[in-house]
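The following pair of complexes shares a single chain, subunit A, combined with subunit B in the former and subunit C in the latter.
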Partner chain A sequence: MSEKKEEPFTINWLTDLPYRYALGPVASKFFRVLKESGKLLAIKCRKCGKVLFPPRSVCADCLVEMTVDDMVELSGEGSLDGFTVVNYPFVDPNTGETRPFPYGYGAIKLKGTDTWMLHFVDETDPGKIKPGMLVKAVIKPKNERKGTLEDIPYFRAVEKK
Partner chain B sequence: MVKQKVAIVATGQTKHRSRRRDVNISEMIYEAVKMALDEAQLTPKDIDAVVIGNMDHFEGINFSEMWTGIESAPGYLKPVVKVATGGTTGTSLAAYGYYAVASGMYDKVLVVGWEKINEGGATTGIVTAFDARWERPALAGALGPLALMASMYMWEFGVTPEQAAKVTVKNRRNAANNPFAHLQQPNMTVEEVMNSPVISWPLRLHDCCPQSEGACAIVYAGEGVARKISDNLAWVKGVDTGHYYTYGGDDVMHKYPAAKIASTRLYKKVGIRNPLKDLDVAEVYEPSSWAELMWTEALGFCEYGQGGKLLDEGVTEMGGELPVNPSGGVIATNPIGATALIRVAEAAIQVRGLGGKRQVPDVELALAHGFGGSVWADLMILGKEP
Partner chain C sequence: MSEDKYFHGRIRVPYRHVAGAYAGRFIQEIGNNKRIMGVKCSRCGKVYVPPRMVCFACFEKMKEWVEVGKQGTVKGFTVVNYSTPVMPLKPPFAYGIIELDGSNTGFVHIIKEGDPKKLKVGMRVEAVFKSNPEGNILDIEYFKPV
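Right after this comes the complex of A and B.
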């Protein structure tokens, strides 16, 4: 009998799990309008009047149903109320590839909404960021748009320090 | 309706560490279960029902209750329920197990939380928990949003990275007194934290929790049987849960409204007027150093913006007025599905005076807190008296 400690066995498992998610009428309209006209929409609750992004079909506060008729157009501008620079490797579930890093990521209060959108920002130096500074959604040219959130590659920090 | 009072009669934990390649999932769970059952001097046949949980996607096993809940938990021919609510899994487990006994449905319930995180990927697992169309494209696991919260908090209140670093120093030092803790670093300094690599500004490596593998188990008993099992009990005084909105950006993240609302409700229910004075110890779920500062505010230990001052004054240190995370907290140990249940187990250990070197003297009331989901909060208060 050998005194040598035996290494425990492991098995490796790689998988490819494709999914397809139905978006529903409200999000479908958002992405249709984004693709066709490059505009951003939010949705306004008929009861409390809160304007919500992402647009959704039910206001959680009121349990009131909203439809595509309640969607409102946004300017694409907002204030950068939170900011970070993601600086670690990470497998992007949309592509299966490691997402290039570092990249800027922000909590953006879109003008006219009561919520924050969490999205890419084109700055990786926190020293250049001013709390609450104006940012603007950058939209891909029409021939490159697919009707997904990737049509908004990032927000541009407008008035840097 | 509460039909009977409920006590925690025993707890069990594994020695948490980054990898447990020496055992499989079931064997790892068994270690915590065995410890809890042995402490209670109960056998599997004494248990009426089992509640077990983890986060499915981290290990890529979507039906884990089938083989973990039966083989090691031990749920063979018993009612078994699996609970998974992200970071709050452990406190949701604890709440559900409590409901099962408090309702009068069962007298002895075993609750088990576990994670074998490095068999899969936490970051990918976390991303698949979020909305595919709106949140996944830009999300990078939990650290990105935690960093956003930290920046919002810093910008609004002027709390500093040095104050956050002190949380790590405190908790990793506390962890050295806890034989189950993963990262035991009694000599960590503020400089060491401040000089560690930036992971997601303003979060540095040592501002972040580790990924741990481990399991935790607790045994609940109804008032009719609890005293027959043990004369040293931690009674459940109250439970509350705040689940808030759908998307991470739906409200002011850094003010953690779900914890504010749930804790205010729970303190009223339990008769706590001043949590800082009335509670003797708190085990909070701080996935980052910054988070503990924010949570101490949302949980009402101080006003908004005063979390850094509370720490600077030593209030949350061992020996302070309200020690926070004597176990070392999440910044030292984070086996996801077990993490929040460890908060409950450690609160029970404190109430029962079994904490050894991490024991806070004379604990009458202890708070356990779980964080997760879209900035969700689960809370439980345990006490020496029923």
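Right after this comes the complex of A and C.
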């Protein structure tokens, strides 16, 4: 006795939750400076001297609260210490669309800082990546910048001259 | 003098949930036939709404489908006053656990009544079906007090 193979009953649902997140003075300054001058700011703890990027208002080790006056400018260059090529159709929650893939993603330690940032990397061939290699943040031109993390679309390897 | 900015973000993700044969029939009966079906355990006689394949108590696979009433008794409720774009109804309204006539389980759904003075455990409610079903649980649009 064979059963007719039926289509499994599927419920399709679009979750769409807009939200509003209060940034606080440190993150507000970070995004304002990024938008207006295309520069990246980190923050330096007055007690232990650690430089944190992305900037935050409380030092992770000391629990000392920092202010916008503790923020320092970075060159935008750093070392790519971890790297992966993503081959999976992840959905970008900002749009609800799948991200085009493959794309590179890595852990970058910017020069002058003591922490890593996880962000997109403009490379999909793992053979071209050496851990620790020099990369630089690519910033959008001023007329395209919105004051969000998308103003830094990715990090790119710095060509050796 | 600090500057304060808001980040306007969104979490927008499409889901595809394969609900299974029992949930599938349950929702299709609501959408197509405007009736609420449960399953009955042949061993202990318990009627489950929403239907499930295996009886909690007996571990028996249930195959008998029964129609339950479109009315039921409220066993518990909570009033929602908070407004966000994702609410199924405009607040205030209530979420309720409803024991439909003929079933032995609580069924969670929306009650279209936001005044706590008008809601009571033990009150009677009736299902209101959506005129254009979409293939999900909100094909019962809400329950209204009767």
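Before moving on, here are some points about what is shown:
What we mean here is this: the second predicted complex is superposed on the first by the 145 of 161 C-alpha atoms of A that agree within 3 Å, B and C clash if a C-alpha of one lies under 4 Å from a C-alpha of the other, contacts with A are read in each partner's own complex, and residues count from 1 in each chain.
In the analysis below, contacts are C-beta pairs under 8 Å (C-beta built on N, C-alpha and C of every residue); 3 or more make two chains touch, one makes a residue touch a chain.
All figures in this text were calculated on a predicted structure; none of them were measured in a lab.
Taken together through their common subunit A, the two structures put subunit B and subunit C side by side without a clash.
Subunit A has more of its residues touched by B than by the other of subunit B and subunit C. Applying the stated contact rule after C-alpha superposition, one finds that A:D16 touches subunit C and leaves subunit B untouched. When both complexes are overlaid on chain A, the residue A:P141 reaches neither subunit B nor subunit C. In the superposition on chain A, contact is made by A:N94 with both subunit B and subunit C.
In the superposition on chain A, A:P8 contacts both subunit B and subunit C.
Once chain A of one complex is fitted onto chain A of the other, the partner contacts of A:K29 are limited to subunit C, with no touch recorded for subunit B.
The superposed three-chain arrangement places the nearest Cα atoms of subunit B and subunit C 5 Å from each other.
When both complexes are aligned on chain A by C-alpha atoms, subunit A residues 8, 10, 13, 15, 19, 21, 23, 27, 31, 91, 93-94, 148 touch subunit B in the first and subunit C in the second. Touching subunit A in their complex are the following residues of subunit B: 21-22, 60, 121, 123-124, 127-128, 131-141, 143-145, 147-152, 155, 197-203, 245-251, 253-254. The residues of subunit C lying in touch with subunit A in their complex are 2-21, 23-25, 27-28, 84-86, 135-136. By the touch rule above, subunit A contacts subunit B in their complex via residues 8, 10, 13, 15, 19, 21, 23, 27, 31, 52-54, 56, 60, 81-88, 90-91, 93-94, 99, 101, 105-107, 115-120, 126, 131-132, 148-150.
Every residue of subunit A that touches subunit C in the complex is listed here, in rising order: 8-25, 27-29, 31-32, 68, 91, 93-96, 147-148.
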